[in-house]
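Across the two complexes that follow, subunit A remains constant while its partner is subunit B and subsequently subunit C.
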Partner chain A sequence: MRPWMLIGWALAACLPLLLGSGYAVQVADLALLNALAVLGLNFVTGYAGQVNFGQAGFAGIGAYVTALGALAGLPFWLALLAALVVAAGASLALGLPTLRLRSFYLAMATIGFGEIVHLVLLHWESVTGGSSGLRQIPPIGIGRFVVGTDAQAWWVLLAVLALAVLVAGRVRRSWLGRAMIATADAEIAASLTGLDTLRVKLVALMLAAVYAALSGGLYAGYVRYVSPDQFGNQQAVLLFSMLVLGGTGSIGGCLIGAAVLTVLPEALRFLHAWYMVLYGAGVVAIVLFMPDGVVGAARRLGRRLGVG
Partner chain B sequence: MSLLVARGLVKGFGGVRALDGVDLEVAEGSISAVIGPNGSGKTTLLNVLSGAYRADAGSIMFAGADMAGRPPLQFARQGLARSFQNIRLFTRLSVLDNARVGAMGGHGPSLAAVLLRLAAHRTAEAMATRRARAALDQVGLGGLADAPAGSLPYAQQRLLELARAVAGRPRLLLLDEPAAGMNMTEAMALMDIVRRLRDGGITVLLVEHNMRLVMQVSDHLTVLDFGRRIAAGGPDEIRRDPAVIAAYLGPGHGEGGAPDA
Partner chain C sequence: MPQLVVSGLTLGAVYALVALGLLLIFSAARVVNFAQGQLLMIGAYLAIAAQVRHGLPAWAAYGLTLAAMALLGVVFMLVAWRPLRGRPTHLVILTTIAMGIILENLALIVWGPLPVSLPAPLVGRPWRVAGGVITMQQMFVMGTTMLALVALSLFMTRSRFGVLMRATAQDLDMARLVGIRVDRTIAAAFAIGSGLAGLAGLLVAPLYLAEPTMGGSLGLKGFVVAVVGGFGNLPGAVVGGLGLGLIEAFAARYVSAEYRDAVAFIIMIAMLCVRPRGLFGETVGERV
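== the complex of A and B ==
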C-alpha cells in the first residue's frame, strides 16, 4: 500500500470527529455501504464488462437473510455470513443460464432478476413482512462488541470497506483480474488462450453478489429496518450510476462515485423534485463528456498537463 | 508426422459454401500456409480449425484428438494458439499483461490462493511473467512491457498478438494474415520471427496474402479457391501448378508466370 493511501484511510477514520454527530455521519455511513456494493459491481461490470442491474437484488437478499437470521437469534456475524453464502448461490443461479447472453439480453435478464427479488420480498409476507418490511433487527456486532453510535458504525464499516478494497486490488492484480478484463475486451481471443470465459464471468458475478450482500447485510444491522423498496430497480440504477460516474474498472472511482451520489442528493435537498432532473442531466453529461468517469477524466487531464 | 489433419471440412453461411470439402495436413515442425484469392475461404478455414466456427461436416484431428465440434477453449487446451486478422488485443491491459493472459491460459490458481497470496498464486504469477517476458523478447516488444496495449502502433499490435499466442507455448500456431498492414521491411522481420519460432519447436500454419512472403517462408502450401482445395505441395510445385495460376490470373493464363500478389 502506498503512503498516500494510508493517509487517506487515516483521514477517513477521523471524519466522524469533524462531522460531529447525527445526520451527516449517517449519510457518510450510507456512502460506505453504497461503496461496498459499487466495488462489487466493478468486478462484473467494470472488469468483466457484463451489464448487471441485479446488484440491488443481491443486496436485498443479503439484507433480508441477515435480518431474518439475526431476528431468529443467530449472532449477527453468523447471519451475515449466511447471507453471503445465499447471495453467492443466487449469483450462480442467475449467472449460469444468463452469462452466455450478450449485452442487451444480459441487461434484460438482470433487470428481471432484480424485479423477481423485489416481488418476492414484497409478497412473501409471512417471511419478509411484505411492504412493511422487517423491524427491530439486531445491530451490527460480534461477541460482546455491539455497534451503538453512528460514529462506531463509521469505523466498523470503514474497516470492512478497507478489507473489501484490499481484496479487490488483489483480484485485479492477479490472473483473475486480467482474465476478467481480457474477457470484456476480446472474449474470443481470451477463450483461445485457454480461458474458460464463462467461469471467469461467473466468478466476477459471484464476487459482485457477495459484496452486494455484505453491503445489504450491514445495512440491515445499521439501519435496523429493511423494506422491499430499498432494494428495487431504482437502487440498482443508482449503483450503476455510481460506477459510471467514478469510472468503470477503477477501485478509486467506485469510492468517489458512491460518495458523490450518496452525498449530493442530501446536499441538494432544497432542490426537491428538481434534483431528479439535475441527476438525469448529470448522468447524460457524464456518459457524453466523461465516458470513463471522474478517474478517467482526471487521468486525461493529468496527462495533458504533464505534456503541455 | 502430421500434427493436424482435417478431412472434408464443410462450412456454409446461408446459401454460400465458404468451405466445400477441404482437406488439410500440417506436418509437425513445419511452416505451412493456406493461400488463395479473396473470398476463397482461408479465414473461414482458420476459424473452423481453431473452434471459432463449428464445421457443418468433416473431421479435425489435432495432436491425436478428434476436435470437430469442440469449443475454442478446448482447441487452446490441446495446444493451439492463434492470431487474428482483425486484431483482438485486450486493450485495457498492459503489453505484459496481454502476454501474461496468453501464458496463464486457463491454468490459474483458485480464488482462495489469489486472495491469500498462497504459494500457488506466487508460483503461477512468476511462471506467467517469465513466459510472457520471453515471448515479448522473441517478437521484439520487450522494451514496451508496461505500455497499454491499446496505445501501440498497428504493426506492434500485430506483434503483440503473436507474443500473446507464443507465451502459452502452443504446439500449433495459426496466424491469420500476420503481415497485413505491414510494410515489406516489417513483414520480412516478422517472417524471421516466424522461422525462429518454428526452429524453437512450434508448428506454424499461416494464411497470408503476400505471395512473396509465403513462398519464401513456407515448407508446404495449400491453395483454396471457392472453398475447395485446388492444389497442395511445396513452393516450387505450387508456383508451376496450372490450376493455381488460373485461379489467380483467370483462365487463359494456364502457362508460365508465377502467381504474384
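== the complex of A and C ==
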C-alpha cells in the first residue's frame, strides 16, 4: 500500500467529524455500502468481463437473510455470515447454467434473476413482509459492541470497505485475477491454455454475490429497515452505472463512482424527475465520451501532461 | 376458460409486437434494445396526445404516432448506437437502458404519473365465440399483429431492402465493402423497430391504461419472447408471444396471480440454459 493511500483512508476516517450533521453522514454511509456492492460487481464485470444485472438481487438476498436471522435472535455477525453463504449459493445456482452465455443473453438472464428475487421479496409476505418490508432489524454489532450512531457506522463500514478493497487488490494481482482478465480479453485463447474459464467466471460471480450480500446485510443492520424496492432492477442499473462512471476494472474507480452517484441524487433532490433524465443522459454521455470512466480519463490526462 | 384464452392471446399479441421490434433492430444492428418497452410507452402517449388532447380522428392520430416513432427510432440510433460501434457490449446495454430511463422520466414530466386511457378505435358489439367474448379491440390487436408478421416476413425475404438488412447483420464490414450504405440500412431497422413498439403502444393503450412505468414490464416480456422464439426468428416471436400470453393467463388463474410475472422469467432462464438459440433457432441473420 502506497503512502498516499494510507493518507486517503486516514482522511476518510475523519469525515464524520467534518460533516457534523446527521443527514450528511447518513448519505456518506450509504455511499460506503454502495461502494461495497460495486467493488463486487467489478470482479465479474470489470475483471472477468461478464455482464451482471443481478447485483441488486444478491444484495437483496443478503439484506433479507441478515434481517430475518437477526430478527430471529441470531447474533448480527452470524446472521450476516449466513447471508453471505446463501448469496454464494444463489450465485452458483444462477451462474452454473447461465455463465456459458454471452453478452446480451447473459444480460437478460441476470436481469431475469433480479426480477425473480424482487418478485419473491414482494410476494412471499409471510416471510418477507411483502411490500411493507421488515422493520426494527437489530443493529450492526458484534459481542457487546453495537453500532449506535451514524458516525460509528461510518467507522465500522469504512473498516469493512478497507478490508474489501484489500482483498480485491489481492485477488486482482493473484493468479485468479489474471485468469479473470484473460477470460475477459480472449476467452477461447484462455481456455486453450488449459484454463477452466467457466470456473473462473463462476468464482468471479461468487465474489460479486458475496460482496453484494455483505453490502445488503450491513444495509439491513444500518438502516434497520428493508423493503423490496431497495433491491429492484433500478438499483442494479445504478450499481452498474457507478462501475462504468468510476472506471470498469479499477478499484479506485468503484469507490469514486459509488460516491458520486450516491451523493448526486441527494444534492440534486430539487430537480425531482429531471434528475433521472439528467442521470440517464449522463450515463449515455459517459459511455460516449469517457468509456473508461473517471479513472481512465484521469490516467489519460496524466499521461498527456507527463508527455507534454 | 375460453375467456382466459382470449385475454391471454391478446396480451400475447402485444408481447409479440414488442419482440418483433426487438428482433428487427437486433437483426440489423446486433444490439438488443433494452429501451423497447419505453418506446412502446411513448407510442401510447403520443397516440393519446394526438387523439384525446388534439382531437384528431383515430386513423390520423395513429398515422402520426407511427411516423413520429419511426423518427424517434432514427434519433435513437444516431445517439445510442452509431457512436458506440466497437464498444464493449456491457456499455451498449447500459446505454440502451439509460435511454429508457430518459424516455420514462421525460414522459413522467410531460404527461404526469397518473394513468390515462385511449378510446378504442373500432366500436362494435363484442363477439361471442365458444362461450367466450372477444371485444373489437382484442380482435384488432390480434389481427394487426398477424398483419405485421406477414408484412415483415415478406419485407425481410422478398424486398431488396430486407435482403440488404440481413446482409448487414451478417457482416457489417463486408456489407460496407460491397457498397451497402450500412448506416442508412441500420437507421431504417431502428425506424421500423421503434414503429413496431409504437404500434404495440397504441394497441395496448385502449386495453389497459397508459402510464410512464408501463414500458418496463412489457419490454422485459418482449425479451423473454424473443429468447424463447429464437432471436431473429419472426414467426417464432409471434408464436412465443402468444404462447407466453396464454401461459401467463393460465398461471395467474390456476397457480398464483402474484407470481405471473415470475413465470415469464423462469421460462426465459430455463430456455437460455437448455436452448439458448430458442425454440425455432435464429434465422434472420443466418442466410442471405
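Points worth noting:
One rule holds for everything that comes next: the second predicted complex is superposed on the first by the 308 of 308 C-alpha atoms of A that agree within 3 Å, B and C clash if a C-alpha of one lies under 4 Å from a C-alpha of the other, contacts with A are read in each partner's own complex, and residues count from 1 in each chain.
Going forward, a residue touches a chain if its C-beta (ideal position, glycine included) is under 8 Å from a C-beta of that chain, and two chains touch if they have at least 3 such contacts.
Only a predicted model underlies this, so the values are computations on that prediction, with no experimental measurement involved.
Judged by the touch definition given at the top, the superposed model places A:Gly249 against subunit B, while subunit C stays out of reach.
In the superposition on chain A, A:Thr98 contacts subunit C only, with no contact to subunit B.
Looking at the shared chain after the overlay, A:Tyr222 reaches neither subunit B nor subunit C.
Look at A:Val277: by the touch rule set out above, it reaches subunit C but stays clear of subunit B. In the superposition on chain A, A:Ile181 makes contact with subunit B only, while subunit C stays out of contact range.
Shared-chain residue A:Ala109: touches subunit C; no touch with subunit B. Looking at the superposed arrangement, the partner reaching more residues of subunit A, out of subunit B and subunit C, is C. Contacts of A:Trp154 after superposition on the shared chain: neither subunit B nor subunit C is touched. Shared-chain residue A:Val120: touches subunit C; no touch with subunit B. In the superposition on the C-alpha atoms of chain A, no part of subunit A is touched by subunit B in one complex and by subunit C in the other.
Within the complex, the subunit C residues that touch subunit A are 31-32, 34, 79-80, 83-84, 87-91, 93-95, 97-102, 104-106, 108-109, 216, 220, 223-224, 227, 256, 258-259, 261-262, 265-266, 268-269, 272-273, 276. For subunit A in complex with subunit C, the residues that touch the partner chain are 45, 49, 51, 97-98, 101, 103-105, 107-109, 111-113, 115-116, 119-120, 122-123, 233, 237, 240-241, 244, 248, 273-274, 276-277, 279-281, 283-284, 287-288, 291. The touching residues of subunit B, counted against subunit A in their complex, run 50-52, 71-73, 75-77, 80-82, 84, 88-93, 97-98, 100-102, 104-109, 111, 114-115, 117, 121, 124-125, 128, 164-165, 168. Every residue of subunit A that touches subunit B in the complex is listed here, in rising order: 167, 170-171, 174-176, 178-179, 181-182, 184-186, 188-197, 203, 249.
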